[in-house]
Amino acid sequence: MANLLLITVILINFFTLGSARLVACIRAVAVQGALLSLLPLVAHGMSGHALILGTGALIFKGILIPWLLLRAIREARIRREVEPYIGFVATLVLGALVTAGAFIFADFLPLAQEHHEGLFVPAALATMFSGFLLLITRRKAITQVLGYLMLENGIFIFSVLLSVAIPLMVEAGILLDLLVSVFVMGIVLNQINREFSTLNTERLTALKE
Amino acid sequence: MIGRIALQLTVLLLFAPLPLGVINKTKALFAGRIGPPLLQPYYDLARLWRKGFVFSRTTTWVFLTGPVVGLVVPLLAVQLLPFGGLQAPISFTGDLILFVYLFGLSRFFTAIAALDTGSSFEGMGAAREVTFSCLAEPTLLFSLLVLARSADSLSLGALLGPQLANQWLTEIGASLGLIVVCLFVVLLVENSRIPFDDPNTHLELTMIHEVMVLDHSGPALGMILYGAALKLMVMSALLVRIVLPLQTGSLFLDLLVFLLGLMGLAVLIGMVESTMARLSLPRVPQVLVGTMLLSVFALVLVLR
Amino acid sequence: MMWLVGSILLTSLAGVPGLFYRREGSGGERFACGLILAGCGSGLIAVALTLLSDNVIQFAIPWSMPGGVLALRLDAITAAFLLPLFLVVATGAVYGLGYWPQHNNPGNGRNLRLFYGLISGAMILLLSARNGVLFLMAWEIMALAGFFLIITEEHKEEVRRAGFIYLIATHTGTLALFALFALLGHNSESLLFPDMGTLPAAGSSLIFLLGLFGFGMKAGLMPMHIWLPGAHAAAPSHASALLSGIMIKTGIYGLVRMTSFFTEIPAWWGWTLLILGAISGIFGVALAIAQHDIKRLLAYHSVENIGIITLGLGLALLGRSYNQPALVLLGLSGCLLHVVNHALFKSLLFLSAGSVIHAVGSREIDHFGGLLKRQRWTGLYFLGGAVAISGLPPFNGFVSEWLIYLGAFQPIHHPGSSLSFALLTAPALAVIGVLALACFVKIFGISFLGEPRSSGAAKAHEAPRTMLWPMGFLLLACIWIGLLPTSLRPLLERAATDWSGNLTLPKLTGNLAPLSAISVAGWLVLGLLLFIGWLLHRQSAQASRDIGTWGCGYQFPAMRMQYTSSSFADSLVRLFRFGLWSKRHGGQVRGLFPGREEFSSHTPDLVLDRALTPAFTGLAWLFRWLRSLIQNGIAAIYLLYIALTLIVLLTLLLR
Amino acid sequence: MLLLLILFPLAMAGLAMLLPWYQGRSWLLPISGGLHLLLSALCVTESGAVLGIWIGLDALSKLVLIVISLLYFGCAIYAVGYLNLRRDRGNKAIVPYLLVFLSTMTLAISARHFGLLWVAVEATTIASAPLIYYNCNRLSIEATWKYLLLCSVGIALAMLGILFIAYAALVGGAVPVNLHIDSLLSGATNLSRPWLHAGFVFLLVGFGTKMGLAPLHTWKPDAYGEAPGMVGALLAGGLTSVAFLAILRVMQLMSAAGDGAMARQALLGMGLLSLLIAAIFMVRQPDIKRLLAYSSVEHMGILAIGVGIGGLATFGAMLHLVNNALTKGCLFLSAGNIQRGYDSKQLSKVHGAIATLPISGSLFLAGFLAIAGSPPFGLFISEFTILRGIFGSGQIWVGLLMLALLAMIFIGMGATVLSATQGGPVKVDNQFKDSFLLVVSPIMFLFLVLMLGVYLPESLQTALREAAELLEVHP
């Protein structure tokens, strides 16, 4: 059950890497967040702790932040294409590579016996690296926020493994950090938009040697 | 010691101009002339001493230091040198360096005295003098090293000691022969003889030493000529001693041998001057460098 | 001890009170000069106490600093360097009153005096320091103070460039010294200097190389001399005198001190020093001949003399590795004596050159000429310095070169050994000597004799007394060492004994090195010269002086027809064409009736202008390219760097 | 007391937001800075380590705390003078953010729990972003954006690293896992190695981004270049030290687990790389503030090398941390003055600074000599001690390489600084002058560095030694 979720998450990674339409990407990431919010419940059954975590994830990852991003798009009236530095096919190939790498890397790390059958670690790493890939290969500032979001999703997957072992505050920390940083990024995005009337980061290359 | 010094000085002061006369006589004979009398240099000096001075208004007191140093240096240098069999009046470790540097002193002052006149010709002469001497100096040093090695000592007196006689017969003889050649070349350069310089040319552009003293007159010129003669004699003494290291013991005989050697050298110089043409200036450095290599070779021979 | 500390404090703080005086007032400079004189006086007392009594002054108090101890020691080697320091510093301070008066230089006069005092104090400290940290600190303070002395006239472009090159050079050297002392002290906690002859030489080659680089950079040994000509030319003359006379000697001091630590010396150390010394000597003087800026010329002569000093040190090292006391004694005493001598006559030359520049307002030799008539005293002092630096008897330069010659001749007593190659030192010294002579004939003749070559030279005036007396004092010191070298014998012998550790050395007398004979010869030369000169002068007193120089038939000689420095140097520069690559301009006479023709030549520095500058330009270009590549402003690429770092570290650490 | 130290700046920030009076708002900074300095001095002088469960002070954090507090106080004084010049931009935003920044830094220093440490570091990022954005022009937006993006990614990686370490404990068999530093240290030996190593790497990269080790330094020149001088000083002297402290915590963990050697290797490598990068970027650098940014990269590299060598070098690194923070303060503040005075930070406009702004120009030159490690400034002692450590540990080639790079850096930095400071005065059409408030704190910093160069108090030495020993723990 958990693995099924995780497989879907990884598939969503590929979808995001491959899709050319910005709104679709945002929606995909939102769906990913929503799915992840189920993960604690699936992993640890119905516990209060897991409930809180799940709802928190749902609110932030699934609803609030995607909404923020969509609003930013609407305000900026930017074109809907993603404009990668390198082509979609290449991105997909790279995504496949990093996912494979994540799986190989996961084998180095010994798991606690209760997680043996789970795909948590590889899925987490794969999502994280995909997020990284998104950050690196996309032009728009907003896509980079998206990549960052996906990165955080990966971390969230991993943190689910530990959600019983360590106090609540760390997850709280994640969510808070996610909110705040994305919020601040949102503000900066607005400023950028006002100054440059675009969200393409290639305008943001004045500072160089 | 005082006696020796006095003897050395008198011999030097008496006989110094004579070789010049001999040289000129030889040249005259080679040219088929009668030539000036042997004692002509003495007459010239006497005449110059009676004359008065004429100074350019450009000159300063430096102008007079040239003749003075040129005269004083040989007088001191000769005390470090054995005349033939009679041994050197003063002799201490490392006096050979002093010997070399005393002549450096005279070169310095002759050159700046020449520059004191502000004439471009004399400047040219000074430039050439210092240039050629810096090629001749290492040769002299190498030759002295060879002698010092073979005598295992650092004072001229011991270098030119009686041991030279049988060293000619040992394997050192070869390098001795080489350095005799080198020292002869150095002698010609330092005393501005043909083929390096022509003392009695009348074309200033070709002169080296003579052009530096163009402006001197009267007793100052006399002192310069006399100083040149003394220098010639001192350096010839070095050469003569190496070639004729006879040691008869009796003072008179030794002196005689030495003077004969001196005259022989003068005749040799005369022959060279009358058979060779003056080298063109660019060729001079090549010849000097060649001589230097020769002396290096000699040094290698004694050191192996 | 208190005398030494007092001199350090007095000199280093000499310039401070001046800061509180008015900008135009002359009170501050008098005060500073007085403090410096007092400091030098007490320092001289300290040195005298050490030399007269056989015990060495030393003390050490703890210092709250990792590895630091305030340890001072004044032994014979230090004394040999301190003696000229005090003389030069004191004379320079007095000279400064006339040469750089506050009321003419309200802007930079105070800084100049501040750093002049600071550098003096720092040098005294570093010469007597016995702790790595303390030494390095004094070393760098000296270097920085020197930098500020050099950039006194920082509004000039050339001065700034010279200062920058100096700063780079000295700091690079200092970094090498960091490594040197870190290596020296990595087994001891306190970084105190080890005692003489205690360290094993095994495995200390790196230490030697670092020292050679760091100290050689400061001393201006040939490949590392890049900073020297520009810096000495740029600084005010009495500062140049201090830099060239004393500061570069601290490099020599470092080498001497460092080599004294080791028990046995590998032979290649000595050979390296000999080769470097010969190179610096010959090429230094050759480059000097080719210069036409009087201070650059003198600066290159510093390179030459450092070469001579290094030859002496190299001989001494060889003596230690081949275990020959005579060679050690002659080499080291020659080295140290030449350090003293060069300090004296080089500062004398710089000071008199300063008074010429002061009078004519130019540094170009070709703008001088006929100055002896207008500056009779300056001219006399310069002549004395020239004779001394050319190593001619009866002045001091000859004595030290003579000692080194004797050292170079020592190997004749041991034929067949590889030591014989050291004999080649003698001809090298001969070449250096003759070239130096030629160079000083040129500079004295062109600038002081003949007719004035520029209007400035024509209306030159004699310098004020405050500038003349210091020069006279220095000249007297030169003559003193030249005529009474035996007075320094105890100092030299003690220094050599301290340095050579366990060897028992002979004395500088008898058939090893009869200094007394040299002094007798000196007296003779001087006496005879004066006597005959006096005769000739008396005879020529009433001779006529109203005619022109004999122009060899040419009727209308003009000043422009005099030999210039370029033309004088030309024949020699051509001899060294292979190593100098001088640039010659004009001089070709064309046509049947040739027109006006100029000839001039200039010679850029071998290492700096021909090797380093192009190399650095290329490097800078490469770096700029790399920069635009790495820091290209695209955030995504920056993220890529992070990802790559992550991956690399993971693959490296998770094996 | 420590809690007070963290909380009262927040209160002050609230006060600043309410206060309507411009001058008063500016003066809140030095007041709270001085108060903070006072309190932290009290905390530090308290004998022994104050160790709570969540927050506390050990020798390391005491050292960093006092340095940061000192630096902040100086910058706060400067800020008053600076904000008076910037009426155009106002201080309604920047003063509260500066105060929050102080509080977050203090929290990060005193955190005894990895989670808390992480949250605090994240908070510093967010609190400092508006400071960089102060000038509100395109360039400052760009700088802020890059800073935010890179540091957030870094911090996310650090998060993962912490989770890995937690998982290492889990696999090691500790239930419930807790991330309190002390308990982790005590149980370090039975952490699962692969997870620990992976966690170390992620934490190194994460906090390394914050600290600015090459090649994670790329945000530095932009942020430092565009931020006001005092902010640059706080970032380069303060924030980097905090991030370094975070890395040192991980080092503690690694060496407690017996893998100190591996961690040292990584630090050493990154340190040397940082020196190389700094050297490449400093040669002919035409912008004085970017120059300082790269110099900060360089000195982070030196710190990393010092800790990477260990032993005596660690002691040197601790001393270097103090010196670097103070000197950077002096340099950035004087560079800020010069930029104000010339309306530019490009060499094309800036030259003859000593003639134009006598005090700031001289301070800039002196600061350069200090940062280059010339005696008698403190950095000489620290760098020399690090070198002694290196050569003592027998890694001679590391030492020589470091020296060569330092020489190259000196050449590059010297060329820029000298041509900026030397030369005749330049006429600039603004009436900026060195005023007391703008020069007093750089002078104070420089004086302190000079003092540390000629006299290192015994108490400070013991403090440094204790701090160094915390990193030398062995299982």
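Think of it as A, B, C and D in the order they're written, each chain with its own count starting at 1.
By definition in this document, contacts are C-beta pairs under 8 Å (C-beta built on N, C-alpha and C of every residue); 3 or more make two chains touch, one makes a residue touch a chain.
Note that the structure is a prediction, hence the values are computed from the model and not measured.
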Contacts common to chain A and chain C (chain labels): D
Far-end chain from chain C, centres as C-alpha averages: A
Rounded Å distance, chain A centre to chain D centre (Cα mean): 31
For chain A paired with chain B, centre-to-centre distance based on mean C-alpha positions, whole Å: 100
Inter-chain centre distance, chain B versus chain C - centres from mean C-alpha coordinates, in Å: 36
Geometric centre distance via CA averages, chain D-chain C, whole Å: 44
Chain C, residues touching no fewer than two other chains: 624, 627, 630-631, 635, 639, 650, 654
Where chain D touches two or more other chains at once, by residue number: 145-146, 149, 153, 194, 198, 221, 281
Touching chain combinations (by label order): A-C, A-D, B-C, C-D
Complex contacts: residues of chain B adjacent to chain C: 52-62, 64-65, 67-69, 71-72, 75-76, 90, 92-95, 97-98, 100-102, 104-105, 107-108, 111-112, 114-121, 123-124, 126-128, 130-131, 133-135, 137-138, 140-142, 145, 148-149, 152, 154, 204, 214-215, 218-220, 223, 285, 299, 302-304
Of all residues in chain C, those that touch chain D in their complex: 64-67, 133, 136-137, 139-141, 144, 151, 154-155, 160, 163-164, 167-168, 171-172, 174-176, 178-179, 181-183, 185-186, 206, 616, 619-620, 623-624, 626-627, 630-631, 635, 638-639, 641-642, 644-646, 649-650, 652-654
Parts of chain D lying in touch with chain A, wherever the complex brings them together: 115-116, 118-119, 122, 125-126, 129, 133, 137-139, 141-146, 148-149, 152-153, 155-156, 159-160, 162-163, 166-167, 169-171, 175-179, 192, 194-195, 198, 221-222, 225-226, 281
In the complex, chain A residues that touch chain D: 108-112, 128, 132, 135, 141, 144, 148, 151-152, 154-155, 158-159, 161-162, 165-167, 169-170, 173-174, 176-177, 180-181, 184-185, 188, 191-192, 195-196, 201, 204-207, 209
Residues of chain C defined as touching chain A within the complex: 624, 627-628, 630-637, 639-640, 643, 650, 654
